[in-house]
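Take a look at these structures.
Across the two complexes that follow, chain A remains constant while its partner is chain B and subsequently chain C.
Moving on to the complex of A and B:
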């Protein structure tokens, strides 16, 4: 039998644990945006060494599962003498992983701009810096917002993986809860509800941005 | 406003092995209108784009008021700064308008004045609004390009170019992307510019415009400049069979 009281009671600790889910996803995407911008710039740079590096970065991070990246990162650092808290390791790994996808999102958005956009600026005598900051980036960033929200939704879900390095986010908290209450069904459905609520909010935000940018 | 002259001497351009411009020679006199006509793929856009060095020519010379554009000396590229300096006085209008969709009409026109000419924002907007008024868009200044018709967008693009006070204007098929009923409003703006003594180079399929507004018409085919003469000599009594055949096709397509 489904126990409503157990179901409702499990929300308390799970919502409390959701702060880690949100922190890791949001800090992760923040870091991913910064690194992703650098990787994208490297990918588009005139220097072949930088382009190669960026291409390897992207294909490596997209080719290895996040779970494995987490374990590698978490267990390698102590070996080379770096002692970081699990939370930091998790954020950094999630951020680095996201950077691969984000750099590709941005590269795609930049490539989708018609060449005439920058040519018109070049023709009136604008320099590369103004062309990037005034013409290309504002359009590319706006265009990429829906895809970035989508990436954030993926990260919220993927953040359940950081439970393997011992962070008490929603998934790990629900496992603990299920073990003490012997009521896995109610607890995991509650966890599902919380994930769903977070991601529905993000999806609405994404839809709004998409709507607003479709000039 | 002083008008510029352009001298094109033995210009060659290759795309890989493809010879896109073959020893092209053309003289463009200050204050005159030159129309470039010819079949599609003949190199008209390529030649036009060599004039402001949007396309790099491989050999020969393009001189604006005597000054070589793109190179300091043959084979030695000009610095980006110097090139931008030269481009400031050359306006260009594209077939696809190429307005910036995230800016209003006014911002599109003011942008170059602010970033390139370094004018304060208020003065730039004043000049931008004067340029838009000149092309008949005083009431559309706050519209984004997506809220304008093709003809209006192209007029904004012309305003964006003339606000920079160029001495030479390049047009690459400015009416080819427009619905037929919107062609006239753009051609009228161009006629006004021509009557004010602007040097203009216009790639076009509008033979009426070439016949009535151009001072000279140049015909290109397969990367070669086949002939350049007065509109009546090229359009009505061409002696080159390639021009005759092009005009025959043109008349056939436009008669019904």
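Moving on to the complex of A and C:
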């Protein structure tokens, strides 16, 4: 039967491990934002080679399951002579995977801006640089905030997969806890509760931003 | 790099792929069915029932698939739910997909013009007939692109089943790589395989989508 004391006791170590879930997710989205911006710029660039590269990048990373990407990355690095801790490899993989989705979010946000905006900016004599930094980007970034929060929620969930390459986060910690207590039901439900709490907080933040940014 | 292992392990890999397809197809169909039921409950059931269903949706969407599988497969036996890996994986995939499908159906239903339903009521159709003849056909068509899209996402989720030892493609690839120490080749080929698979399905899906919507535009 369901044992409440075991359930409550497993929160201690799992909440401790939650810091790594959060760390991986936030570093992952940070890296994803940087690479995603570059990929988005490449996709919108006038050079066909850059556009092709970005299209392949996005299609590959969105077509291959994250778990497979993690293992490919994890086993490729030693072969090409890069020796980094597993944690770094995991964060980089998560970030690269997120970059594909984030670049699409930004491309969508830029495409959703009315064309009249940049035409109006040109009409009042702004150069292309000013149009991008003062008209298009500020609006596109604001518009994309709710979608980015959504992506962050997806990353929190996806970060459970890095447990496979041995990184201690909520899922890995709950596996260890389940093995020592022999009560997988209570422990895994506790893990689910922590994920749920994190994601509900993020969802509330997302809804708040949606209200704030709605014009 | 040495790719000859793929020949040696061909039959096992094929069997794994068959299981992947089985899990994906059944998981998608069952998840869609459950999602449709949930969407109809959300629309017609009394408020307390709707709250319970809404809580279910939030819980499933707020937790990782892997943790759900662990609860089901490793936690299930403690409450008498003893399943083999494959059925557990199928059930897990069904449960995981259902709230996403439900949301897709819900927005599909919302896209049905209210006038159509009022007109049906005015000519004396019962609620059941309205659901069957008006809401479902019209709602399904507008939900189609999102349904295809999410089905494609589910193909990628099937690899997670390997962690609870469902003998699908990734499980077989992992076994192969631990027996031969060819981790890189095995996973690289698996990645390329999924890339091609997902690209192909999305192309077919897009074609299907344009065909159906074109048909509709011609009719209206």
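Annotations for the structure displayed:
Simple rule for what comes next: the second predicted complex is superposed on the first by the 215 of 215 C-alpha atoms of A that agree within 3 Å, B and C clash if a C-alpha of one lies under 4 Å from a C-alpha of the other, contacts with A are read in each partner's own complex, and residues count from 1 in each chain.
To be clear about the criterion, a contact is a pair of C-beta atoms (placed from the backbone, for glycine too) under 8 Å apart; a residue touches a chain by one contact, two chains touch by 3 or more.
For clarity, every value in this text was computed on a predicted model and none was experimentally measured.
Using the contact criterion defined above for the overlaid structures, shared-chain residue A:103 touches neither chain B nor chain C, since it reaches no partner.
In the overlay built on the shared chain, the residue A:144 is in contact with neither chain B nor chain C. In the superposition on chain A, A:93 makes contact with neither chain B nor chain C.
In the overlay built on the shared chain, the residue A:117 is in contact with chain B alone; chain C does not reach it.
Shared-chain residue A:199: touches chain C; no touch with chain B.
By the touch criterion defined above, A:25 lies against neither chain B nor chain C after alignment on the C-alpha atoms of chain A.
Comparing chain B with chain C, more residues of chain A are touched by C. When the two complexes are superposed on chain A, none of the residues of chain A touches both chain B and chain C. Chain A makes touch with chain C in their complex at residues 1-2, 59-60, 62-69, 71-72, 75-76, 79, 153, 157-161, 163-164, 170-171, 174-175, 178, 183-186, 188-189, 191-192, 195-196, 199-200, 203. Note for the complex: chain B touches chain A at residues 52, 54, 80-81, 84-85, 87-88, 90-92, 94, 96, 98-102, 111-112, 115-116, 144, 146, 157, 160-161, 164. Residues 114, 116-117, 119-128, 130, 134-135, 138-139, 142, 215 of chain A touch chain B in their complex. For chain C in complex with chain A, the residues that touch the partner chain are 58-59, 61-68, 70-71, 74-76, 78-79, 156-157, 159-160, 162-163, 170, 183-184, 187-188, 190-191, 194-199.
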